[in-house]
Amino acid sequence: MKLYEYEAKEIFLKYDIPIPKSSLVSDIYGAGEAAQKMKDVVIKAQVHTGGRGKAGGIARASGPLEANNSARRILGMSIKGFPVKKVLIEEYREPLKEMYLGITIDRKAKCPVIMASPQGGIDIEDIAKNSPEKITTVHIHPLAGIHEYQARMLAKSLDRNNIPELIDIIKKLYRVFIDNDCQLVEINPLAQTKDGIIALDAKMVIDDNALSRQDFPEEENGSLEEIARKNGMSYVGLDGDIGCIVNGAGLAMATLDMVKYYGGTPANFMDVRAGANEEQVKKALEIVSSGKNVKSIIINIFGGLTKCDEAARGIIDILPELKIPLVIRLSGTNETEGRAMLEKHGIRLAASTEEAAKGVVELGNSNQ
Amino acid sequence: MKLYEYEAKEIFLKYDIPIPKSSLVSDIYGAGEAAQKMKDVVIKAQVHTGGRGKAGGIARASGPLEANNSARRILGMSIKGFPVKKVLIEEYREPLKEMYLGITIDRKAKCPVIMASPQGGIDIEDIAKNSPEKITTVHIHPLAGIHEYQARMLAKSLDRNNIPELIDIIKKLYRVFIDNDCQLVEINPLAQTKDGIIALDAKMVIDDNALSRQDFPEEENGSLEEIARKNGMSYVGLDGDIGCIVNGAGLAMATLDMVKYYGGTPANFMDVRAGANEEQVKKALEIVSSGKNVKSIIINIFGGLTKCDEAARGIIDILPELKIPLVIRLSGTNETEGRAMLEKHGIRLAASTEEAAKGVVELGNSNQ
Amino acid sequence: MGILINKDTRVLVQGITGHEGSLQTEQMIDFGTNIVGGVTPGKGGSEVHKKPVFDSVKEALGETDVDASVIFVPPQFAADGIFEAIDNGIELIVCITEGIPVHDMMRVWAYLKTSSSRLLGPNCPGITTPGASKIGIMPNPIHRPGNIGVVSRSGTLTYEIVDTLSKNGIGQSTSVGIGGDPVNGTSFVDVLELFEEDPETHAVVLVGEIGGTVEEDSIEFIKQMSKPVISYIVGVSAPPGKTMGHAGAIISMGVGTALEKIQAFEKAGITVAKSPSEIVRHVKLPPYKV
Amino acid sequence: MGILINKDTRVLVQGITGHEGSLQTEQMIDFGTNIVGGVTPGKGGSEVHKKPVFDSVKEALGETDVDASVIFVPPQFAADGIFEAIDNGIELIVCITEGIPVHDMMRVWAYLKTSSSRLLGPNCPGITTPGASKIGIMPNPIHRPGNIGVVSRSGTLTYEIVDTLSKNGIGQSTSVGIGGDPVNGTSFVDVLELFEEDPETHAVVLVGEIGGTVEEDSIEFIKQMSKPVISYIVGVSAPPGKTMGHAGAIISMGVGTALEKIQAFEKAGITVAKSPSEIVRHVKLPPYKV
């Protein structure tokens, strides 16, 4: 789960990592009031996407009037499809130097990795690509935690004139990373100002698997992704017109690949997960069929924990309301029962993933 | 450093480990007042020694008057040479079952070890000796910390009817052990009462090497041990009449052994530590010579970090005031200089530890 | 014979009294797996499918020898179950549980390295040696004894591949699902090494997917193997993974997409099948012909 | 030859700019030790006794190869210095620092086990191979090349023994102080194993003391050794150690006093000397005669 900049900064505050003074506002009146207390402010759109700055979602302002105007404009914006519902009004702190500090998980090394660069800001990925020697990378032993000497090495690579201050920030940021089950925590830019080092931006991604032991408010947006997640499934919308429902991520990817292989384009990725029951399969069909442009649906279930008869029942439940043609493949646990139930409803079944994929693509072609 | 029961219990309170309500008082007026708030109380002498109960340092009382009387009696006591300056007035909680829970360091396994016994109380060491199967011992990986399953096993061994409550206490006690750099933390008895599990006693020993990063008030008692420690040296008083000053604990023990071997009895153990300077050697002589019964002193320095000439200077400084005969052995770094300085003052030097030990014992014999 | 397990392997089920644990224990018994008991804290003394239940792994070991443990413990407690198995010296630990926090798994991995235990998973379907033993949740009927080793990161896709092989008359020496989590135990290379040494295994089918670099990491070993490896890598049409901020982009620079993996395999001269039926075709062709 | 170090061993000094570190570096150079540089954070670029100082071990390794590191870092930071040396793959780490918190050392020990580094100490005088190299703080003049291995838990007592041997014409192959802290790295057995294999070592003098069980733990190995071991154990007259509550009494039940150690050694048929001069006598007697 991604946190908003303001949420991440609230956590930084708890850990005593320096951040600019700020107010979070969701209307323009608040913006003016907040700006009144500060001289020079930055107004920043709070959205779950990058490139806010380039999209005009960040503005500097002097005084309440200008702040009001900017906040009004930004609160009316939509950035890469995300409507801006909140802005952060922040005291402007002039960066004398912009650095980068990030912690994530190195899957290959199977441990946290801290990265630091004396040159940060929006071009950090280019810097990593073109001048990798500027990035200092330190792996952390998950049981031993960060050693002082590691924090010192990172601090020195950032700014040899502010080592103690930076060691402190690095160690605190590592605590943030661990305590909050982060997949990522990032400060970019970490700025040197005339009053010290400060985190001008903050990014945090929490491991979804750990949300049950972490206390983060979940934001509802009514998206299909969200509905699927709440039903224990995984949905990702795509550009095509063939709806796909599969149990298991690997088999789902194989199914999508196969659809594409036969010339079709998937409208979504939908993993109903191992162990999906009648209700979930029904829900999955509801979600996938409500995707725009969906002209046909492939259902590919390999029963293991999922039972084919349960899946069949879920399909039959929703059949009367469904206006979109289906191609179904059922294999594995209780396959015979499941197939029999569907065939009773006159549904033809494919014998394999490949046959089903081919079938659903042909369905689309014949419809055109 | 040993903590008093009340200090340990203050820490338990911070970690939410259940303890009886209590007040610490250092005069009898406080005792009455404290007892007024509770029905049935226990008055416990706060001293750094075991066997308080057997010595009469613990008393039950009902009501303020009885509490006052008991507190008066106990505050006047001295237990194994420790004067009772403070008593803890504690609400009496009837133990239905007395258990034992302790954490210490297993030197051989080089890690913390947690011990639990469903039968606790004053006879715990006998239980360990005679019914070792009653003690459940669990070693903890210093980096991984205590695993839930380990806490569960210990909890089950204590009382299978209160497992969740005990798991909680065990995990908190481990945190106390780690956070406070403990060499020992012990609850004996850990009692089952009608209102739940509760720590009736508490013992904590802090690693002296970690005191600089822990925040415990040091109590001053003016003892020779304390003076030595404050001067970076290590002194332990013994029963004999030969004062011993040596640099390094191993050499000091060897010297004491040798003194005994030749028929003498050491008055003390005094390690001036590797690297002792003029001032420390002088201070060591002051301390050792002020020990009662000291009739002669052996000084045995093997210069490494300690320089023999510095040691010699320290000895010469205090020579005029010293009424006790010395036998000195100097070897190692700057030996020649040191020996020359002492010989100028007419002091004869021994050539080895053995010669010095023999010499100091003979000195005592000829004095008699 | 196959790898890692055989019909004598004594298996303990951690989380045996749960819905999943109980159900799958029954399936494993049906398959012929030598289940010696189970563990659920607080349920010690009871029975599940006539197998004794213990409060802890240690108590189980007091009553029976154990060669392997399979974990069906809920995600928030699964890491503790693995620690318990490691501390009790269980040689093979198969963790089925999906959804374990990745920080837990990093700690488990660091701990595992100090032990001699092998962890398969988590979030994996387990391991099956047809005709001998099954530890995990692969459906019983899909397997057929034979000489193809299968190793996969997926769950249901593994079933699909194994089923397709079996239906085409191609039996398996052992099928192994290593699991799809970002941080897990046994890797492709670990399993490939075992297959390489197993006389019953004549060729290997490797099923990979987008994300991470475990496929790429196995290339050097595959090139040295004496046995043919047919790979199948899915996710070509998958949406590009959400990169984890800049840090994710920096650390995983230029690796992880299915296409990149396929290209890397093809460049190394490793056969890449485009579909399950193509796997069958490749297995039936010389030089792999079984 | 001796054990662990020789004249080519390249030694890095962690904490080289401190009073102790600088002084002892000079002594080691005088002894003939191949000091290649030192580390003190924030002092990189300077020099101590003409040896370059670096900000970190990693930076030192960028400039020179290192076989061993000796640590003079203050107690609160010493564990971090050891971690740094371990992470940088230093083979032999000699920690002189006294007063390191025992919790730090337990963490270090658990970490050390996952590495291939060897730690000597902490709170030890180091290791000396006369005529070749010295890593640590033993006084230079007391050593004399020869064929007796010395291993001890003490500091100054080690000097006393070594000095006594030398003055009596008995040279040492290597003298090792393993340190007296409750939790330390290399044990008596580790050193005895090395002496047993070292052709230059003909007999071993083992100096023990009260507390712990490292002496008792070495008995089984000593019994199997082909070389004679003469032991000397001090603390017979020492006050009984303050036991650590009941837990301390339970965990260390019946072990640790000097007398118990001596009795255990004698029971095992290991020679126990009563004084330094008796050590000399024993060494000069058959069958140890050197």
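Should a chain be cited, it is by its letter among A, B, C and D, assigned in written order, with residues numbered from 1 in that chain.
FYI, a residue touches a chain if its C-beta (ideal position, glycine included) is under 8 Å from a C-beta of that chain, and two chains touch if they have at least 3 such contacts.
Bear in mind the structure is a predicted one, so any value in this text is a computation, not a measurement.
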item	value
Chains contacting each of subunit A and subunit B, listed by label	C, D
Distance-maximising chain from subunit C - centres being C-alpha averages	B
More contacts between chains, B-C or B-D	B-D
Whole-Å separation of chain centres (CA-atom averages), subunit B against subunit D	28
Distance from the mean Cα position of subunit D to that of subunit C, given in whole angstrom	47
Distance between chain centroids, defined by C-alpha means - subunit A, subunit D (Å)	54
Touching two or more other chains - residue numbers and ranges from subunit B	141, 143-144
Subunit C residues counted as touching two or more neighbouring chains	107, 110-111
Residue ranges of subunit A in contact with subunit B within the complex	141, 143-144
Sites on subunit C touched by subunit A in the complex	20, 75-76, 98-103, 105-107, 109-111, 125, 137-139, 142, 152-160, 163-164, 180, 182-183, 207, 209-210, 212-213, 217, 234-239, 244-253, 258, 274-277
Residue ranges of subunit C touching subunit B (in the complex, touch as defined)	41-42, 55-58, 77, 80-81, 83-84, 87, 107, 110-111
Residue ranges of subunit A touching subunit C (in the complex, touch as defined)	100, 102-108, 110-113, 115, 124-125, 128-129, 135, 137, 141-143, 178, 181, 183-184, 186, 188, 203, 205, 207, 209-210, 212-213, 236, 238, 246-251, 253-254, 256-261, 266, 269, 273-275, 302-306, 331-333, 352-354
Parts of subunit C lying in touch with subunit D, wherever the complex brings them together	110, 113-114
